[in-house]
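Below is the structure I would like to discuss, written out as structure tokens.
Chain naming follows the written order as A, B and C, and within any one chain the residues start at number 1.
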Amino acid sequence: MANALRNSFKYGCSGLLSQLSLHCRHGRVCASPYAAVQQRNNSSSAKIKVDLDASTGVAVMWMQSPPVNSLSLDFLTEFAISLEKLEMDRSCRGLIITSTLPKVFSAGLDIMDMYGKSPEHCGEFWKAVQEMWLKLYGSNMVTIAAINGSSPAGGCLMSMACDYRIMADNPRYSIGLNETKLGIVAPFWFKDTMVNTVGHRTTEIALELGLLYTSPEALKIGLVDQLVPEEQVLTTATETMTKWLAIPDHARQITKSMMRKQTIDKLLANREADTHNFVSFITKDSIQRSLRMYLEMLKKRKA
Amino acid sequence: MANALRNSFKYGCSGLLSQLSLHCRHGRVCASPYAAVQQRNNSSSAKIKVDLDASTGVAVMWMQSPPVNSLSLDFLTEFAISLEKLEMDRSCRGLIITSTLPKVFSAGLDIMDMYGKSPEHCGEFWKAVQEMWLKLYGSNMVTIAAINGSSPAGGCLMSMACDYRIMADNPRYSIGLNETKLGIVAPFWFKDTMVNTVGHRTTEIALELGLLYTSPEALKIGLVDQLVPEEQVLTTATETMTKWLAIPDHARQITKSMMRKQTIDKLLANREADTHNFVSFITKDSIQRSLRMYLEMLKKRKA
Amino acid sequence: MANALRNSFKYGCSGLLSQLSLHCRHGRVCASPYAAVQQRNNSSSAKIKVDLDASTGVAVMWMQSPPVNSLSLDFLTEFAISLEKLEMDRSCRGLIITSTLPKVFSAGLDIMDMYGKSPEHCGEFWKAVQEMWLKLYGSNMVTIAAINGSSPAGGCLMSMACDYRIMADNPRYSIGLNETKLGIVAPFWFKDTMVNTVGHRTTEIALELGLLYTSPEALKIGLVDQLVPEEQVLTTATETMTKWLAIPDHARQITKSMMRKQTIDKLLANREADTHNFVSFITKDSIQRSLRMYLEMLKKRKA
């Protein structure tokens, strides 16, 4: 994988990778990550801020976990709790997800939750990744990704799980499932979600090459639905939401379920095996060595 | 759904909706709708006229049920009988479906067969809708839709069930499965047919928003195959038919079946449940109330 | 099928068909075609030449069986052996397939292996066609088709089974699954491969009409990935290979398998039935008569 990592830089991997998951993590011991998060006020928690406009029924979820909104176990736990609260709040019909950070929507899964961790930790982490996708892809709310920065790997998955994707029209921002380029493999439900979004052949070539697409390229292949100037991403999301909310909820929800249920059921039926696969892959010596080299390289680049 | 209906006008629903199914229906009592229809000469029946050119083996089916070729139980029964006759006529190899009415191909399912009717009637009606699709999507003939007007909902389904779609190049004509906008839901086999035609993602967004596409938009997403000036729709269909009939019937039929059989078998295996779902949905008080409000609104607009 | 054949010329079938499989075949008796081939040096065998560059790990497979690289039983047997050798050679990571012949990549299945042959021979032949596809579509190597000429029917299948397709930018070269036009039917796994490449609707119309696409048309529908001037096809393939080999083999192979395994497993589960179907179809009197007329017509055109 050392070769792979060198090549990932050589072949145009986003400069964003230099920041990927290199933020400080304050160790915290708690019986359950859920417990720890639940003690905070959701709206003022460290990683995610939620604003619900009661007059429109639209919530905005701000991802605000510097430097790159990595999807750590803590982040994902907060995300799941926030989403579930909104899902059960009958006054909330629509959700816009966006980032408060410059240049990045989300850099994807947090490598620090995969490197040097016990199999138990890796398993917990993976279940949280599954949970994020299951809740978001199957949400009864209208979900719009307001992608105001780069969105590789898990950030791309999160975007694809929404109903609609609006991205900043900036060719320096990229999006895609680039796992292969890092020597790891997107699991079947990442793949299924992408096939549902851009079709079989585009997914095949994207996943085999671990391609990151600039925003214009992403629009062209249908990975995002619309490009607007960066300062208009959120306002366009809000306007688009109005159009979606004009559709009767009940009919739209049944229709959405009809389109997505089969894909969701496939993970539900294989969730244990999928977790087991991830844990046994990521805890391999060779993969751990590669992750260490990758982290060291990122540190050097940062220095 | 009152909101939904207001919004459907607000958000650009076709003006055609103002006419939708607002035609007079002469009550008629008969033991079986089939019996009643069979007594008429097929070629001179009220709702459908069939011209078979023995020299070319091509039949043209003219839909001529004013004002908007609504797919009523009577219409669908005539349609199924006409189609079956042609299917069994070995001299007939190709079928072109078109409309004699101005501005409309077919406005889709007849609301009058869903409003204020007994569960038994609704069930009979739904079986006739299924039968139309099963016979057309699985036809051994080459089937071409000559779409010389708007074609929402069931009209779109009928078009998609053909082998090829030629539409009048007129941006005032629209086509799409817009059920959601009316607060109802396109069943899984409408969805499957659309996925087979335009792919998963386009179907998802089209069905969730109940989108109607202008003819240029429909061409762009692949919902129709070709646009020509309105006066050339039928001649182009005839020319296209010649090209299709140049292919050996046997090889083409096996190939068509290979492409469509799985989708057809899925409805055949779930036909009873699908009928049951429709009946219990459409006879709900809330849905019936919405249909009444919708009809009253249409009457006002017409007046 | 006589009609079909006349029509296939009338409706723009490639001029290449005039050469299709009209090459001399020297009868050869041997206990097993494998045995006969294995006695030759692979690199100097009559039909296929393989050059493996040890420094890059890339092999080029030259198809050199005049006049049109027909996929005969002998050719396919050599192909399978060559491919398996490379697959087991750990120094070989990538494979480029191209043709040494002017104007043609491969003209597809050899009619001489289907005409006037015993059911046993036809069955052996079909298993070799299956084997070619199974090995190529499931190869662990990066496979690139350098399509420097026309590639109808089986030649198109072979191209689609690769990871990437680069075609000469020459509108006189065509590619497609045109079986229907000849009165025969592409089997389900040809269809599945095409659906995976260009989607359901494009496949439906392509297979029902037996369409051959010029290289610009093929690019437009995604049947090939890239067009370059003819003299750059191989160099572009080599450059593209470098990009693919930058991806860690392990991650790419698992990803490729995830994309293709289901399609491969479907043939593996139905291999006997598929062979039986082919044999009983091709040995029918009517089909044999058609093949004879077709061959006679080709001979006349050649004379």
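One rule holds in what follows: a contact is a pair of C-beta atoms (placed from the backbone, for glycine too) under 8 Å apart; a residue touches a chain by one contact, two chains touch by 3 or more.
Which protein is which chain? UniProt says A, B, C = Enoyl-CoA delta isomerase 1, mitochondrial.
Here the structure is a predicted model, which means the values were calculated and not measured.
By the document's definition of touch, common neighbours of chain B and chain C comprise A. Rounded to a multiple of 5, the C-alpha superposition of chain A onto chain C involves a rotation of 120 degrees. Separation between the centroids of chain A and chain B, computed from CA atoms only, is 40 Å.
Looking at chain C, residues 199 sit in touch with two or more other chains. In the complex of the two chains, the chain B residues touching chain A come out as 1, 3-4, 7-8, 10-11, 179-186, 188, 191, 199-201, 203-205, 207-210. Contacts from chain A toward chain B in the complex involve residues 163-164, 195-199, 222, 225, 243-244, 246-248, 250-252, 254-256, 258-260.
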